[in-house]
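Some structures are shown below for you to check.
Next, two complexes with subunit A in common: one pairs it with subunit B, the other with subunit C.
Take a look at the complex of A and B:
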């Protein structure tokens, strides 16, 4: 099951769509884990002949399936961080008309979106589709540290150790949701952690 | 009072540029400073021509930071309703006019890494102020300017002298055409297009950009529509409880104003959306000419933009 129906939320929360092939001479697809399935859903030989895929497997075995689509360029990296120099270089050399497709986890889409926007693409022109884990990339509003792949609410900040409440308040600039201390007024009174959407 | 705030100005220069275009310089009557504006802004000039008051928008072409004076360039339209002819023939140095505060519906997107400007004919005017703004900020821009002939190429000499490497001029009568596909293809990521000129040119550029996969948000355009004359018709204004005859040479908005009803407006050219008016009842056909409403809204018979659109038929009742 790689698709998830997100509940309705505040306006700040990103909304993801469904990828569709758009006209253009060059296509950049950035995906992690089950995001590979969204690429496979729209892949055609014509589209793949003009496509650069950047894929982070996160322990899945989709790499070979994507390579079998025969994209113009295929790169598989060990982590998102490891792929950033490549993403930046591709965007630096790109021309208007480049179509950007982001798919997989929210953390990947958010961070890659930030690179694409910094390179000059309006955020509304970048396609996204969520697949796979619903874990969130969280920023602690107190110490500013980022904790990746947060699955429970509340959770413990990986940097300062505070107990943080998982908010739907999202920052495009940080590509992260906001985590706020849940027991500031009554230290130690921390609800039992549960899944973010439970 | 509808529209932007007003400024009283005196015409201090009237400079014919060529057979069709004349430049006017306005300075404030009270000797004070004018507001600064942003490149691409326009002002609405009030013209009292006998019984008719015309309010026509013209792009400001002076330096946006120059608070001593505004300049506009007006192309004479012998077929139009007379606004440009009035300025050309009736307005002279020393005359006083009322103009609006600057309003910008064609501003630069300062997130752009490069500004690609495409102008046709008198559509050059907003770019003149945008270029001055960008030069001050060391912005990255280039201009492609198509005009009918050397004789009618307003500001070609000025532009090519001050910016020889950034300005490209194309003369229709020498069969020079912008090589649009090659111009758009290969522009660096972060380039925004700005196009101002005749409708055909705007449609051409927007269509080609869409074909090449440019985001809609990176393509900006401005086309001022002058209200076109048409058959007279009658309109009932429900809130004001007035019945107004719209003459052949006046717009629906002008007729509403003539009846003493204070209707909202800003651009008076079918672009800004300010004058959008709800239709309560009608029997007949709308002649929609604006860029504001969507096609389905045009078809719905529920809304009209009275600055440029007209009506033909028996009954028209507006929520005004």
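Take a look at the complex of A and C:
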């Protein structure tokens, strides 16, 4: 599958790279859905023997393919939220030199990045690669509720129901973009939703 | 000069008003007839008598009412004041800085009595007389930054300095020009400035950060920034934009002089001694167009600045739709005469309106 090229943007917006196998004794890979392909692209038997994979399938069938790579530890969780305690536990006794690989949707990478940074993993030891859906995790600036997997602009806040437009302003602390009321100055005038990059 | 504190509101019936004195000392932000972003910083070492530059933390006739408005904003939304766990010491630095400056600069309004780490703080306008132990949070009703900024006009960003950058790790933000502390807390200088147009490309933020990183204790700096606000609403927050945005559409040629306000921020920068952080007070001053027009120089100049402002800036500042109506109004006060350099009103030397 070809990778999506994000258009140039403002300085708070994260930039993702391409995973590469790094030297090291311990590797933690966290992925959702098509992120599995980025792992498969760099997997070697030697690397996999030192790797813990945490995978959220989101309805895809990559789980078996990842398992077939024979990682040292493989876990498939039903949702990102369900895997968080495990991620925190694994990061808690991360060894010096642990290499972290995050791949898949922006929502997954952003949230797992926050866990890794909070656990004290240096930025230089964390790699990211976007794969799959370009949906965004959005914070409603009005009610503070998070709406996951937003694919259109504008969209309806899942919490307060306001019609929000999708900004590029991004908070790493919240692992979310900002959504702002689109019809505040002209109530009811809400444009037809379009794909975020259309 | 003793200050008569106004009893006024910045919401609902908007009884906010500027006295003649407040108009004359309004920090008009344009030193020439055009405006573009620049690294417009200078030392904050006083200024003309009774100007907003004179004291380190200016206290004016709006003080008591502004603090009442802040308390209301915080009751409605406590997330407007936040401090990340490592910022408590910087909060004490802020408290000490403000208390010592205010007690020195306004001895008739504020008193600070220090006996070792037992401090007694008297704030006469707000009727506060508290004794607490410096650096012991349990002896104050709020965290130190929140305690003192509930008693000080202006928003406050408290910055941690590390990795050659500044990190907005604490703040009290209730009078902001449409940005969210809750969203921006934890960001660095380039990240929280990300939405600003044109300035990144001009290298302004790289140079500005360099300047800020080198600010020394006892040598604060300042700059002015500005935007436009319909009605004297202090809390133009993104949080409440779905409620106040509609007010922008209520301007008419008849009410624009009273309703449209120039909103100016006096931004200052102080190095903090214990934490080595920086505190960035953002003091908001509002003035109705019709009050500004009583100063002939400002009338001429405001028309020219708004007329020639790049579209990107008028859009970012949120008044692109109202600009034509503003220009219709402002053009009545521009007779084409030249204007003197600098921001001051120059009432004695500038000619009255010639039309």
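Here, the second predicted complex is superposed on the first by the 194 of 198 C-alpha atoms of A that agree within 3 Å, B and C clash if a C-alpha of one lies under 4 Å from a C-alpha of the other, contacts with A are read in each partner's own complex, and residues count from 1 in each chain.
Keep in mind that, in the parts below, contacts are C-beta pairs under 8 Å (C-beta built on N, C-alpha and C of every residue); 3 or more make two chains touch, one makes a residue touch a chain.
Computed from a predicted structure; not experimentally measured.
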According to the contact criterion defined above, which of subunit B and subunit C contacts more residues of subunit A?
C
With both complexes superposed on chain A, which partner does A:139 reach: first (subunit B), second (subunit C), both or neither?
second
On the A-aligned overlay, A:40 touches which partner chain: subunit B = first, subunit C = second, or both, or neither?
neither
Applying the document's definition of touch, where does A:24 land relative to subunit B and subunit C: first, second, both, or neither?
first
Would you sort A:156 into first (subunit B), second (subunit C), both or neither based on which partner it touches?
neither
Would you check which partner chain A:196 touches, where first means subunit B only, second means subunit C only, and both and neither mean what they say?
neither
Answer with first, second, both or neither: which of subunit B and subunit C does A:97 touch in the superposed model?
first
Under the touch definition given earlier, write down the residues of subunit A that touch subunit C in their complex.
10-13, 139, 141-142, 144, 162, 167-169, 171-174, 178, 180-181, 184-187
Which part of subunit C faces subunit A closely enough to touch in the complex?
79, 180, 182-187, 190-195, 200, 238-246, 248-249, 321
Once bound in the complex, which stretches of subunit B touch subunit A?
111-113, 184-191, 210-218
Residues of subunit A defined as touching subunit B within the complex:
22-25, 91-92, 94-99, 119-122, 124-125
